[in-house]
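Structure below; questions to follow.
Lettered A, B, C, D, E and F in written order, each chain numbered from 1.
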Amino acid sequence: MGDVIAPATFDIPGIVGQLRDARHRWRTSQQRARDPGGRELPSRDAVAPIVQGLRGALFPMRLGPADLRQQSEDYYVGHTLDIALNALLAQVRLELRYAARHQSRATARHDGPEIDEAAIDARAHALVQAFAASLAPIRTLLDSDVQAAFHGDPAAGSVDEVLLCYPGVEAMIHHRLAHRLYELGVPLIARIVAEQAHGATGIDIHPGAQIGPAFFIDHGTGVVIGETAVIGERVRVYQAVTLGAKRFPADTDGHLHKGLARHPIVEDDVVIYAGATILGRVTLGRGSTIGGNVWLTRSVPPGSHISQASLQGESADHHSPTVATAA
Amino acid sequence: MGDVIAPATFDIPGIVGQLRDARHRWRTSQQRARDPGGRELPSRDAVAPIVQGLRGALFPMRLGPADLRQQSEDYYVGHTLDIALNALLAQVRLELRYAARHQSRATARHDGPEIDEAAIDARAHALVQAFAASLAPIRTLLDSDVQAAFHGDPAAGSVDEVLLCYPGVEAMIHHRLAHRLYELGVPLIARIVAEQAHGATGIDIHPGAQIGPAFFIDHGTGVVIGETAVIGERVRVYQAVTLGAKRFPADTDGHLHKGLARHPIVEDDVVIYAGATILGRVTLGRGSTIGGNVWLTRSVPPGSHISQASLQGESADHHSPTVATAA
Amino acid sequence: MGDVIAPATFDIPGIVGQLRDARHRWRTSQQRARDPGGRELPSRDAVAPIVQGLRGALFPMRLGPADLRQQSEDYYVGHTLDIALNALLAQVRLELRYAARHQSRATARHDGPEIDEAAIDARAHALVQAFAASLAPIRTLLDSDVQAAFHGDPAAGSVDEVLLCYPGVEAMIHHRLAHRLYELGVPLIARIVAEQAHGATGIDIHPGAQIGPAFFIDHGTGVVIGETAVIGERVRVYQAVTLGAKRFPADTDGHLHKGLARHPIVEDDVVIYAGATILGRVTLGRGSTIGGNVWLTRSVPPGSHISQASLQGESADHHSPTVATAA
Amino acid sequence: MGDVIAPATFDIPGIVGQLRDARHRWRTSQQRARDPGGRELPSRDAVAPIVQGLRGALFPMRLGPADLRQQSEDYYVGHTLDIALNALLAQVRLELRYAARHQSRATARHDGPEIDEAAIDARAHALVQAFAASLAPIRTLLDSDVQAAFHGDPAAGSVDEVLLCYPGVEAMIHHRLAHRLYELGVPLIARIVAEQAHGATGIDIHPGAQIGPAFFIDHGTGVVIGETAVIGERVRVYQAVTLGAKRFPADTDGHLHKGLARHPIVEDDVVIYAGATILGRVTLGRGSTIGGNVWLTRSVPPGSHISQASLQGESADHHSPTVATAA
Amino acid sequence: MGDVIAPATFDIPGIVGQLRDARHRWRTSQQRARDPGGRELPSRDAVAPIVQGLRGALFPMRLGPADLRQQSEDYYVGHTLDIALNALLAQVRLELRYAARHQSRATARHDGPEIDEAAIDARAHALVQAFAASLAPIRTLLDSDVQAAFHGDPAAGSVDEVLLCYPGVEAMIHHRLAHRLYELGVPLIARIVAEQAHGATGIDIHPGAQIGPAFFIDHGTGVVIGETAVIGERVRVYQAVTLGAKRFPADTDGHLHKGLARHPIVEDDVVIYAGATILGRVTLGRGSTIGGNVWLTRSVPPGSHISQASLQGESADHHSPTVATAA
Amino acid sequence: MGDVIAPATFDIPGIVGQLRDARHRWRTSQQRARDPGGRELPSRDAVAPIVQGLRGALFPMRLGPADLRQQSEDYYVGHTLDIALNALLAQVRLELRYAARHQSRATARHDGPEIDEAAIDARAHALVQAFAASLAPIRTLLDSDVQAAFHGDPAAGSVDEVLLCYPGVEAMIHHRLAHRLYELGVPLIARIVAEQAHGATGIDIHPGAQIGPAFFIDHGTGVVIGETAVIGERVRVYQAVTLGAKRFPADTDGHLHKGLARHPIVEDDVVIYAGATILGRVTLGRGSTIGGNVWLTRSVPPGSHISQASLQGESADHHSPTVATAA
């Protein structure tokens, strides 16, 4: 006698029903009407190839297909942009429509005006056109970032190595695209673009952050840069640096105030070493150096050299007042 | 005269032999019998699509296929569960069998009893059934996490954005699945599920950790939560927070004691800001706030506000005793 | 009247032209001749499957294909090596040729000697042969790392779990391969290999770092180990540990000195707990323990126990002088 | 001195220009306006997965995914139909819109009415609903075909083998779907479905052909069945049989009359052996047998036995008047 | 007011129900018990990669991976065989189990003996071992086919071209594998293998056909060779040749006799030109030539030259009695 | 007690050895030196994407990617050509080098001259340039074929349907590319291109055949057109038509004469109905019609109407002297 493996049986209908009930409770709690239609939001799977295409269009010989030749770059760039921009247009439409519906649901009477699809389409189109016009300036900004990385890291062998290997550069490619999308009014797509870099590099830059040219993040894991941060030119930042907010102000009924300026301003030529934490709407004056692991919640004047020691008023270790953390 | 590129030759047989010898030495050192058969362990490649399927079954319109329609959700959920649960069953069998063999090898005489395959199959089946029954409660817990993130982050535009973009939510989807698997007795599969989130988000939660509803991790990179940690309801945690163990007790012959409670207990409504490190089986009392970068190895009573300054007994900076680190 | 969605039109030729101009400005600024040919650099897409193959060849039953059987391991290993080594040879040729061209461009007169292709091919071949001969020793080193992780983590259930799940082990597989490539003279490929692990694990080890056997990194996110670090045997390191450099010496015209020894030496049996930062060419003496979050810029003798408290000369907390951070 | 392979250069811009000119000439000759937009026709790549899905929905345990279980068939069927029918709807819209534009271009004045998109959408929706309602009857028809094949071929081991292996059955699955689409008014999509079977099996059935239940094609390569053919119940046909048209009637200015009944009527229980050619609007009476390679351009009464010999008035071979060709 | 495209709604539950009813009627008509378990039959998707692997193992440098090197052939062959043979074993088990269940259902009383799984496993194992031992002889037979094609076609430039391009050779690779499987007792898998070649080449050889060495099929489309055909050495056949059966004998209650010898015997060195049809258990004597389009239902002695003309007793065209059809 | 499935063991080393011996015997019989290097022949897997690319470049809006827009056609065409032509160059180099080696092996003394790689590279480059210059004329020829199909088939609804659905058009796209490659001196690549169409459509056109504009093949399965066939303008051909050779002349030692003109010449405006077989270097005069299944081995004057009846001198069936076979 041999015995067969009995086919497993699970109570699929029962579990399906439980999950349906759970979804129903959630949708009810969120005041969502039952909607028979399809996906109403931009999707990560749709955004990923768009960013991939834009990266290739920006740096065809380094991030484009391996069998590309310089003499045919423009064909590749044109074809890739055509696909990527039209795909982006579809995602932008989804987000604008979603935002309009969300807003009308939040504010309007049940007999309020319908969403104006034609207006949304026109706005989406104009938005992507404006985004496309920004690509060349973004490339130029990114060139300055690559240059900054090459000059800032003694281990960098060439600008090509920087572009191929440095997670900080990868994060900045995403950020400069995401920031433009954020400015133009599609913060959700912008956030998806930013989170792809966060997942790949451990560098978490909110798309709202304003960052000047020649920005260099070394190593990068654990860096967090908040939504309203403003960063000048030629700034250098190491791993695990936080440019964050202090406790958020809340109104009397406990809702957070959204959108207030609550992150630091970092002026030109500042260097912030690994693990430093700068919190609140403070200003780091031009040319300052912030030492590793420093915890700072006040502004410092231009040319400051801040270290843990200096903060604690201790005189020990005077000869190396600004200890840097870089590998 | 033209010259061809000489085909490269490598001493493949030699290297193959050296690698075989190295494997042989390892297996001998591990007292492993030569076993002509196939893979005996769960595999990452097999677990990944299972988790992918479960995520889709939990949130069909957000994490399922892009062309899904709400009216057909149940079909998708049922089909996806059928595939995923049966695939999980196969992996569970592998782990239970591996554990049984491992154990019998460790303890038994060479003529000891054979592994009871029928019993393992029955246990695997019961285990997956229990897991399946937990899916709807897990969905409800995750809904509370999404809600918590939306309320806890001034930058969050909608609950949909939170579900799509927040790495903390992604980590919690994995954790709540992994924790249930851990409870049910397949810690290795649970760990594989957890490590997939760790790789993608930089958030490292051991599957053993017990976490209450409405848990929110912001930014997340560098968060570490240990195996025996216990976390209450509505807790909020920022990047680089560690809920860790102090030095592990070892017995007289130097072996670590495994399985002892050695990580913190965090009561309801606690907030822990970025970079804080809490070590050992201490308790953070209900409603406490732990400031950024704080290093804490003792319990604190409910309602405490702990900052670096307060720990050092310094009176400076009295007006902002709890400095938060959040972007 | 129904209205069709007007097809979107973007000024693709205009944007293509702007991007071409941006590339042109960059290439001019970098003194690059217009080169009609193809890619001249190793590529991430080409290196990834090579590393995948080498991982499988090193650990066929754990990291090779799921349907492999032990009795046929050697066939798999031989076939996989043949493909991987020849693919590596092609990438090595690209890097050596790129380096030669780069160098001749940097140093030579315009009428200088051509690149010697035959010499490059011969060197590439010898290099890959030497690399291949290192694979078995690398396997043995990695076995010691796996063993160290199993003994060092109370949560580890078996050596198999360690190999399947621990990001620290994944990072070390990449590092030991990358380090050998770095030694042999292809630092760019080495860096690509290292960055793949960095992206997947958050552990950033420069390929130049010298690391002895039985090295264990737990959790790992945020670990940074610099180019000239030297690490002994049986060293253990936790998440967010930095072995970094202090401020780089620059020469009189502001160029960084590259290649100087500027990172710590860590002797045998040292343990460094989470978040500790060790900077500069200091030595951590044999058997020392460095506590969590410690900031250290000086050498310590063998057997030292360094904690935040001890550094601040405080006597509190004497009974647990070395607080560990581990989950 | 070694020599590099000179990168190949082709005059891509020149060839692109020539191809553009060729396209321009064609479009001018076809009176096509320049249209900046996208694809206006159904596509083979889009139709293929739809048919794949419908095949799975019709025969889930045989043509659906390998890991399906009978207890969960309905979930698979429902999910697959949802995806396939909505994808079909998009293709149907394309064809209806294309047909409307084509027609208005052919007939209308330049200032004629616009295409009524809303009407097209409504018609597309109704069409796919009608198609969906036909799926169960089509399954029942196909069951009769499978049964017929099993009874008609001495080499067939089981109905399962027939469904898995017989190209005649594969062709009929496609035909019965394609014929329904043809009836409903999307002949182009119908043709794409038919041609996929033609390419895979060598059996070329025009979607317009009307075929009764229990139809069996053995071997099948080279079978051609024309647009207006009418086939009764329980008919059997072997490889290379043609049910074709005679010379097409043309009007006085040489244009072919399209759509006239011009192919044979085959009544119930007829058998047609390999290589037989039946041409024109003739009728093969109920229960007749047509021998291999017979060339027939006239009707035959019920119960006829036609062979090459009988056609040539020869009395030889009397004992086996109807020679069958079947392997 | 702009209008959104209304999401399409189909009555998915209704159609799912209708399809379930249709399946239920079929299963009832086939006396199939409701079986909650999974797939019980070999699958085309599973067999395809097995054949792909076997083709590569037989001709590694021509049909194996493009980056293979001769010096490493054996590794590739060994690894590929290991995967393919074990995958084949799984399919063989499915077919043997299916056959056993089918048979017991057909013959036995309801309380009959269970299927003996252990015996099936043993038989499957022995079967695949026997198959594996046939691979080298099959390779040698195929070499003779390649050689025959090269010598038989004036358009053939080299044996390599023949192996790469000739559909007749592709069909024979499949047939020689399929025939061995058929002999060993898995006719369904054999048929799947044969039908893959049929679909790709239009050449339909039943796996049961016995074919000697140095067999050459030119062009091939439309060739049909029946189950009990026997073909000698050095036979040559052109497109659309049929070696078929005459009308099948049926027993008194109308069931076909299965398995009787009913197809031609073709002796050594026979040539059969395009479109010729040979029917029934006749013998074509050694060295005979059968002209194009000839219809033959009787045996011919060795050395015969049969043409359409000679069959019709006409004296015209005497000077080219055997007209060949070959391109 | 349950029993485990014993892992299957096959004698892989034994079978590998047998296959190695079989390969060795073959290589010895073919006088092939043992060659440690890689693939020396063009490959089907490499040619397929090249043809795919060329099809897209010829008909971007119909056979290119689904998301292409007319305004960006040129970018797509340019990028696709760049990739395809350079990939073709690599394959052409392989074939030319293979041919040179083959030839030198066949003719030369062992100490004969080496292969001149530089000359081969130059020839390959010139060849692909000439091929590229032919693409626009080929597009124009194919436009005439599409037009001919549309006018020749009463079932064709539009030229677009013809391009999307007609296997005859697919075969001609491949043929016109393959023929140009054949003319330019790479017959093996040409054959691979042709066989891809043969496999997909059942239409077997030798790349050597010369075919004028506006050629239309309806249905197509089983069509065979030989290497030296010459076909004029506006010719129409139906399924299973053969333009073949008679018995090949052989020289005194039995070797076939290769390359002689041995297939029919078909003048302008000829129609050949299904199943007709025309053999040998005969001429079908301008405007002739050849009836279905006709067997013809002699030339016919312009304006002939040939049917089976007319060939047999029979007066029956006078009213339909030229019976067409077309569906």
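Structural remarks
Methods note: contacts are C-beta pairs under 8 Å (C-beta built on N, C-alpha and C of every residue); 3 or more make two chains touch, one makes a residue touch a chain.
Small disclaimer: the values here were computed from a predicted structure and weren't measured.
Ranked by how far their CA centres sit from the centre of chain C, the chains are topped by D. Centroid distances built from C-alpha atoms place B farthest away from chain F. Comparing the chain pairs A-B and B-E, the larger number of C-beta pairs in contact belongs to A-B. Centre to centre, using the average C-alpha position, chain A and chain D are separated by 51 Å.
Distance from the chain E centre to the chain F centre is 25 Å, each centre being the mean of its Cα atoms.
Here the spacing of chain A and chain E, counted between their Cα centres, is 57 Å. For chain C, residues touching at least two other chains, in rising order: 3, 7, 9, 12, 16, 35-38, 67-69, 71-72, 74-75, 77-78, 81-82, 86, 118, 121, 202, 221-222, 240, 275, 293. Within the complex formed with chain D, the residues of chain A that make contact are 7, 9, 12, 16, 38, 69, 71-72, 75, 86.
Only residues 57-58, 60-62, 66-71, 73-74, 77-78, 81-82, 85-86, 89, 118, 121, 125, 128-129, 132-133, 135-136, 139-140, 143, 151, 154-155, 157-161, 164-167, 200-202, 219, 221-222, 239-240, 274-275, 292-293, 308, 317, 320, 322-327 of chain A touch chain C when the two sit together in their complex.
Residues of chain C touching chain E in their complex: 65, 67-69, 71-72, 74-83, 86-87.
For chain C in complex with chain A, the residues that touch the partner chain are 3, 5-6, 8, 10-13, 15-16, 18-23, 25-26, 29-30, 34-39, 41-46, 98, 102, 187-188, 191-192, 195, 198-199, 202, 204, 206, 208, 221-222, 224-227, 229, 240, 242-248, 256-260, 262-263, 275, 277, 279, 293, 295, 297.
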